[in-house]
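Dropping the structures in below, format is structure tokens.
Shared between the two complexes below is chain A, which pairs with chain B and chain C, respectively.
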Partner chain A sequence: MNATVFLLLAALSAAPLTAAFGAARPSLARPVAILTTAIAFLAALYNAFRPGPAIDKEWAPAWGMRLHLEADGLAVLFALLATGIGLAVIIYSSGYIPLHLHHEHRPEEDQTRFFAFILMFMGAMTGLVMAQDLMLIFLFWDLTAIASYYLIGFDSQKREARVSAFMALIVTGISAVGFLIGALMLDAEFGSFQLPELIASVVPNYESDIALVLILIAALAKSAQVPLHFWLPRAMTAPTPVSAYLHSAAMVAAGVFLIGRFYPLIVLRGWMLDLLLVVGVVSMVAGGLLALTRDNMKQLLAYSTIAQYGYIVTMFGLGGKAGVLGAMFAIIAHGLAKSALFLTAGTVTEATGARELSAVGGLRHSMPLLALASGLAAASLAAIPLTMGFFKDEYFFEAATHHGRLMQVIAVVAAAMTFCYLARFWKGIFGGPILGTVSPVPNVLLAPIVVLGALSLLGGFWPEPFARVASNAGQVSLLSTDELHPAYHLSRTTENIMAALAIGSGVLLFFSRRVWFATVELASDLGEKIGPERAFRAGVLNLNNFSDRIHWIEVRDLRSRVATVLAPAALMVVITLIFTNADSSFELQKPHRDDLTLIMMIGIAAIAGVAAAIPRDHFSMALALSGVGFALSVVFALLRAPDVALVAVLVETLFGVLFFAFLALLPRNVEHADVVPSDEPQELGHHHRVRDSVLAAFGGLLAFLVAWGVLSRPAPVDSVFERYVDLTPAAHGGAIVTVILADFRGLDTMGEITVIGIAFLGIATFIRRRRLR
Partner chain B sequence: MNNDMARQAARLLLLPTWMVAFAILIKGYSDSGDGFSGGVIAALGVIMQYVTFGTAVAEKLRPVRYARQIALTGLLLALATAFTPVLRGQSIMTHFPGPNEHATHIGSLELTTPFLFDIGVFLLVMGVCVGVFDLLAHATRRDRS
Partner chain C sequence: MTLIVSLAIGVLFAAGSYLLLQHDFIKVVGGTILIAHSVNLFIMVSGLSRGTEPIYPLGDGARVSDPLVQAMVLTAIVISFGVTALLISLIYRVYVSHRSVDIEHLSDFEERLVQLEEQQVPPEPGIGVLEDREVDEDDESDQPDRDGIQRDERATE
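Up next is the complex of A and B:
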């Protein structure tokens, strides 16, 4: 087993292992989760030094789909984030989740669910970043959405959590369908799902533009960029460790990862970079403004995430070495700092019970270590010198400088806003007079924050290793060999001046907040109320009402239900009949003498069919119906199709017995009982009878026409059937039907039997829960 | 109806039914019938016991008690047959031995992976049919009481 395979297996097996051990004994879930994550992290670290060879196996060659995964620089960066920050978050959760469940009056066993889903998140993320096959990317992409759905909705007893989870799933799920369409278009146009091959072969044209824009939309929605950002502040209803993970290393990071992955295709069109630039700048400013005034700690951080990923998207849009490699560096710096800040919010809420900045204060006295660690993280995010984040802003300023004066101004303003809201966050919690009482928290709610904060500081003194990882990742996106070498320049470089300006105006902004606070708060509240979230809610509501109306037409009574199947089917048949070449169809031939028995059997089937339509009691109707089936199976036998005849007889017998068993479940005399809902007229209206008769006659006539047309047409000459007959002996078979089922079309059979298994589960659920009526 | 006679017949017929089912499964690849038909016949044999003896007696039969396990085993066996080639780097549902290659055989039965797949179908179909009928039987009994 090489390093790549090991990383993949370690990351993917963490969730099932935790679930299995947790199911056996709930107290095992925590240690197993920590252990498996640690192993995955070590595997990712190993790959950073000695990347394993690519995995490339065909699994559906006919569709060009391969198991193609590689631990390249980009994959290593995000895998390190997913497993490393994952480890910190999971260690934190091992202390936090039991307390959380205790507050919510939930059983302690529920923590298995939590750990399994967050590790599924980690596994999906690791798989996603390594995948080189578009279908594989799509698979893992959706897996992260599913995991996030369960994690955001972990407190499923709260309505807010369910709504938020649904919103996140819909926004990221629908845009993921866009990704799928884009992937299929790329495959149709350039004949491959493999990203390396596409990068070598794509010549931008109209189709590839649409495909890439769809993929970009999926990426931007996942990264919570304006206007698809509204799900992220909602998602903070999740338990705090989930938010920390979601914002720093998983869900939202997946979006910018995708931009990095497709960057070689994106740069082919200059306007796509401009698109990124516009979206990034708008998100940066909007997120920053909203973060400036939020009182809820997690909400402030959520908007700051939108702004920070706006930074990163902007840097991708600016392009070049400073832009792209700098963006990778910013992803690392942001991941470390933001996870620490979220975890801080969790610890503070755990210690004081407060969720709002206005309800806490002065915690520097009671929690000095936490104040220091989260101060370092905040400083890093605010790009104070001697922290890792300083360099992220330096590259940001460098890239902006290449782009002109306006971009420089925007960059400085954005950095100043970042400083201001982070200062508000930190000072709101730790500064000022002491508010409320503080209960002691276990060390496990402190240690991960201290480590993350220390790393943010370490990156300020020794940025080389982080820059190496970022450079390797950026090289994959830029297809270059550029490297970052962050260092302090004690001179009047443009970047230093911009940094000084940013921090200076940030301080000014912070101390002048009395002046602007009310205005910005009003604007933000307005923005939250009439923003795109409103459109989303209205859309969901209308769609739901529309679906309810259609549903009601269908299920009003049994006749409507049959009609809703029959009417569209008849319509489609009419269209087909009109457009089909009817030469040599619809002819009558003289019946042959030998066909007499056949005609007799068909006649019996017809009589049984008419008998089944006469309403008497259910039992005789069912009997007549199976009479049709048995007569038809004789027809098959006469047509020399013993396999089909055998199956027909068996299925008819089985269904007959099942049918009668189901009849026993019906209330007595149901055919005379009142089945029409009470708010409907009791007697079926005359127009219903007319409608039903017309529909039945029309449907029957069309079925007859189709059968006649098909049967009177001469058999096609070059049918695939001939080849089946020829190949059957080579496939070790004598009976063609069986060989087709188990070999030639075995994949279909596999799908069908899986459906049988699922149907069994469905029936069992329905009957067990007594939902049959 | 003479209940005793029906019961005698049902009891006598159970084993022959199963034998026919197995025969159809085994002969399936070289003659009419396949795992699906075999599975339905085997299940019908069991259902016959329900109809004549009633739920209480019939559900003591082993295939009834383990219907779910039988179905699951069948499904997993079929899926395993389909997916094992993927692990060996071949495409899904690749069968062994390959076309025209020599296959070990017992009489007319050749030991090939499609046959294994068919056994999976057999077990699944039998398990599901018996399982559904058992569920229904329980539901009706609860209704009567």
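Up next is the complex of A and C:
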């Protein structure tokens, strides 16, 4: 087994293993989850040093789909994030989830579900980043959406959680359909689902533009970029470890991963980069502004994620070595820092019960270690020198400088906002006077944060390994051999000046917050209220009403439902009649004298049919129906079909018995029996008699024309029935019809018997006196 | 001959569709029966040859009636009987629980049930509507059934 296969298997088997062990013994779910994640992380690490060979197997050759997976640089970066941060989050969860379930008064067994789904998330992420086949990408892409649905809605007893999960599923699920359409269009245009082949063969044209824009929309929706960002702050109703994972290494990261994957195709069109730039900048600013004023800790972090991924999307839009490779570096730096901050919020809420910044304070005294670790993470995200995040901003500034003055200004403003809201976050929790009581938290709720914070610091002193992973990933996107070598330059480079400006104005912004806070808060509240979320809600509501109306039409009126089936059928028959070749003229041959009895019996059947339609009482109708049936039996007999005639007589007899027995069970005037008091007058439906007659006559006319047209066609010279006739003696039978039913088409007959059996099971259920359940 | 058979098929079909459009369930079933009859007749006469009964021993050189359509019609007759029987017992069941075999009465009944539910659970604005269904399922389980029990008992008497 090579390294690639091992990584894939380790990541994908984690969820089923955990679910299986957890089902057997709930206490096993946690250790198994940690163990499997650790194995997957080690496998990802191994792949970082020695990438295994690509897996490329036939999958569905007829459709050009292949099981094509490769642990290239891009895959390794995201696999390391998914499994590494996954490991931290799962260790954290092993302490957090039991407490959470306890608060929610839920059984301990539910934690199996949590670990299974979060590991399914990890497996889907790992598969996604390795996949090279568009269909495979789509498969894993949707799997992440499904896993996120269950995780966001983990507290399914809360309405809020269900609504949020639904929203995330709809936004990312519908955009995923766009991805599927894009993939199919690329396949139709360039004849392959394999990304490497596509990169080699795509020549931009109208179709590929549409396809790539659809794929980009899917990516941006997943990365929660404006205007499809609204699901992310909502998704904060999930348990905190889920948020931490969702924001740093899975789900949201999947969006920018996809941009990285398709980057060689995206750069072919300059305007697509501009599109990324615009979306990125808008998200950066909008997310930043909203993050500046949110009081809820997790909401603040959620908007900060939108802003930070806005950074990354902007960097992709700026392009070039600093842009793309820097974006990869930023993904790592952000992943480490953001997961630490989220986990901090979880620990703080666990210790104090508070969810708002205004409700906590002064925790630096009671939790110094946590304050230090999350301070490091916040510093890294705010791009303070000597942390890993400093370099992410340096590359951001470098890319912006290449683009022009305006971009430089935007970059500095965005960085200043980042500094300010992170300072608010950290100071709000750990600074200021002591608020509320602090209960001790287990070490397992601290250790992962400390490790993540330490890594953020380590990246500031020894960025080389992180830079190498980012370079390898960026090379896949850029199709180049560029490398990042982050280092501190103690000189007046443009980037250093911009960084100083950013931090300086960030500090200024932070201390002047009394001045602007109210205005920005008002604007943010307004933005949240009338933002795209409103359109989404209106859309869902209207669709729901529309479906209710359709449902209502169906339930309300059986006849209109019958009409919706019959009317188009009649229309098609009319069209066919009009356009059928006129050669098959209708036959007007004189009837043979021997057929006189036959004609008489057919006539009787027809008259009995009319008689069945006229009477008001059911007995007459049933009698007339029996008349039709028996007359037709005679017709069958005269057509030399003794078997059919016998069966028909038998069935008619049974039918008569059944129908009359049934009528005997009902009161005579059942039609008027009416216990449901009705406001409407009693002659319901009677005024439809003329309309019904006209419709029926029209239907009959069509049936007549079709029958006449078909029967007038000359018989083909040879028919399969002659073979049946010849073969019958070989089947040791004499009655050809019987042999056909029992032998040549025996399978059909078996199906028929099954149908009858099921029908009678249904009947037996219906006529029992007990109430139905 | 063809014309006469086609006419008969048309008449049976017309009578069947007329009954199908009625608001009385029993007549609707009658309509399906008539349409089944007309289709059976149509299949039967569309056989490719007419001659002696398809049963060995066949006379020398005699034309045999098409056995294939006969087999098909035979199957069709049996299946339509099964379906009709199911429909009839279903109507019986509907009558027992609702005391009516009239589509419009039953629709009214259902309409009123829905209204009743809507009064109990006022719809909230927003996506909430999607959620309300979920809540309703629990209430629904007793609502119509309680009616059903009472009616069942009355019918049994």
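Following the convention adopted for this analysis, the second predicted complex is superposed on the first by the 557 of 773 C-alpha atoms of A that agree within 3 Å, B and C clash if a C-alpha of one lies under 4 Å from a C-alpha of the other, contacts with A are read in each partner's own complex, and residues count from 1 in each chain.
The definition used in the following text is that contacts are C-beta pairs under 8 Å (C-beta built on N, C-alpha and C of every residue); 3 or more make two chains touch, one makes a residue touch a chain.
What you see is a predicted model, and the numbers here were worked out from it, not measured in a lab.
K.L.:
Which holds for A:Asp595: it touches chain B only (first), chain C only (second), both, or neither?
P.N.:
After superposing on A, A:Asp595 lies in contact with chain C but is clear of chain B.
K.L.:
Applying the touch criterion given at the start, work out whether A:Val647 contacts chain B, chain C, both or neither, answering first, second, both or neither.
P.N.:
both
K.L.:
Of the partners chain B and chain C, which touch A:Met167 in the superposed model: first, second, both, neither?
P.N.:
In the superposed model, A:Met167 contacts chain C only, not chain B.
K.L.:
Which holds for A:Gly629: it touches chain B only (first), chain C only (second), both, or neither?
P.N.:
In the superposition, A:Gly629 touches chain C alone.
K.L.:
Should A:Thr314 be classified as contacting the first partner (chain B), the second (chain C), both, or neither?
P.N.:
neither
K.L.:
Go through the superposed model and pick first if A:Ser248 touches only chain B, second if only chain C, both, or neither.
P.N.:
neither
K.L.:
First (chain B), second (chain C), both or neither: which does A:Ser304 touch?
P.N.:
A:Ser304 sits against neither chain B nor chain C.
K.L.:
Does chain B (first) or chain C (second) touch A:Phe662, or do both, or does neither?
P.N.:
A:Phe662 sits against chain B and chain C alike.
K.L.:
Can A:Ala62 be said to touch chain B (first), chain C (second), both, or neither?
P.N.:
first
K.L.:
Look at the residues of chain A and decide whether chain B or chain C touches more of them.
P.N.:
C
K.L.:
Go through chain A and flag every residue that touches chain B in one model and chain C in the other.
P.N.:
642-643, 647, 651, 654, 658, 662, 665, 733-735, 737, 741, 749, 756, 759-760, 763, 767, 772
K.L.:
How about chain A: which of its residues touch chain B in the complex?
P.N.:
Residues 57-62, 642-643, 646-647, 650-651, 653-654, 657-658, 661-662, 664-665, 727, 730-735, 737-739, 741-743, 746-747, 749-750, 753-754, 756-757, 759-760, 763-764, 767-768, 770, 772 of chain A touch chain B in their complex.
K.L.:
Looking at the complex, which residues from chain B come into contact with chain A?
P.N.:
28-37, 40-41, 43-44, 47, 51, 71-72, 74-75, 78-79, 82, 86, 89-93, 95, 97, 99-100, 103, 108, 110, 112, 114-115, 117-118, 120-121, 124-125, 127-129, 131-133, 135-140, 143
K.L.:
Touching chain C in the complex: which residues of chain A?
P.N.:
Chain A residues touching chain C: 159, 162-163, 166-167, 537, 540-541, 544-545, 555-559, 562, 566, 586-589, 591-592, 595, 599, 602-603, 605-606, 609-610, 612-613, 618, 621-622, 625, 628-629, 632, 635-636, 639-644, 647-648, 651, 654-655, 658-659, 662-663, 665-666, 670-671, 673-676, 678, 680, 684-685, 688, 692-693, 695-697, 699-701, 703-705, 707-708, 710-712, 715-716, 719-721, 724-725, 728-729, 733-737, 740-741, 745, 748-749, 752, 755-756, 759-760, 762-763, 766-767, 769, 771-772.
K.L.:
Could you pull out which chain C residues touch chain A in their complex?
P.N.:
1-24, 26-28, 30, 33-34, 37-38, 40-42, 44-58, 64-68, 70-71, 73-75, 77-79, 81-86, 88-93, 95, 97-111, 125-131, 145, 148-149, 151-152, 156
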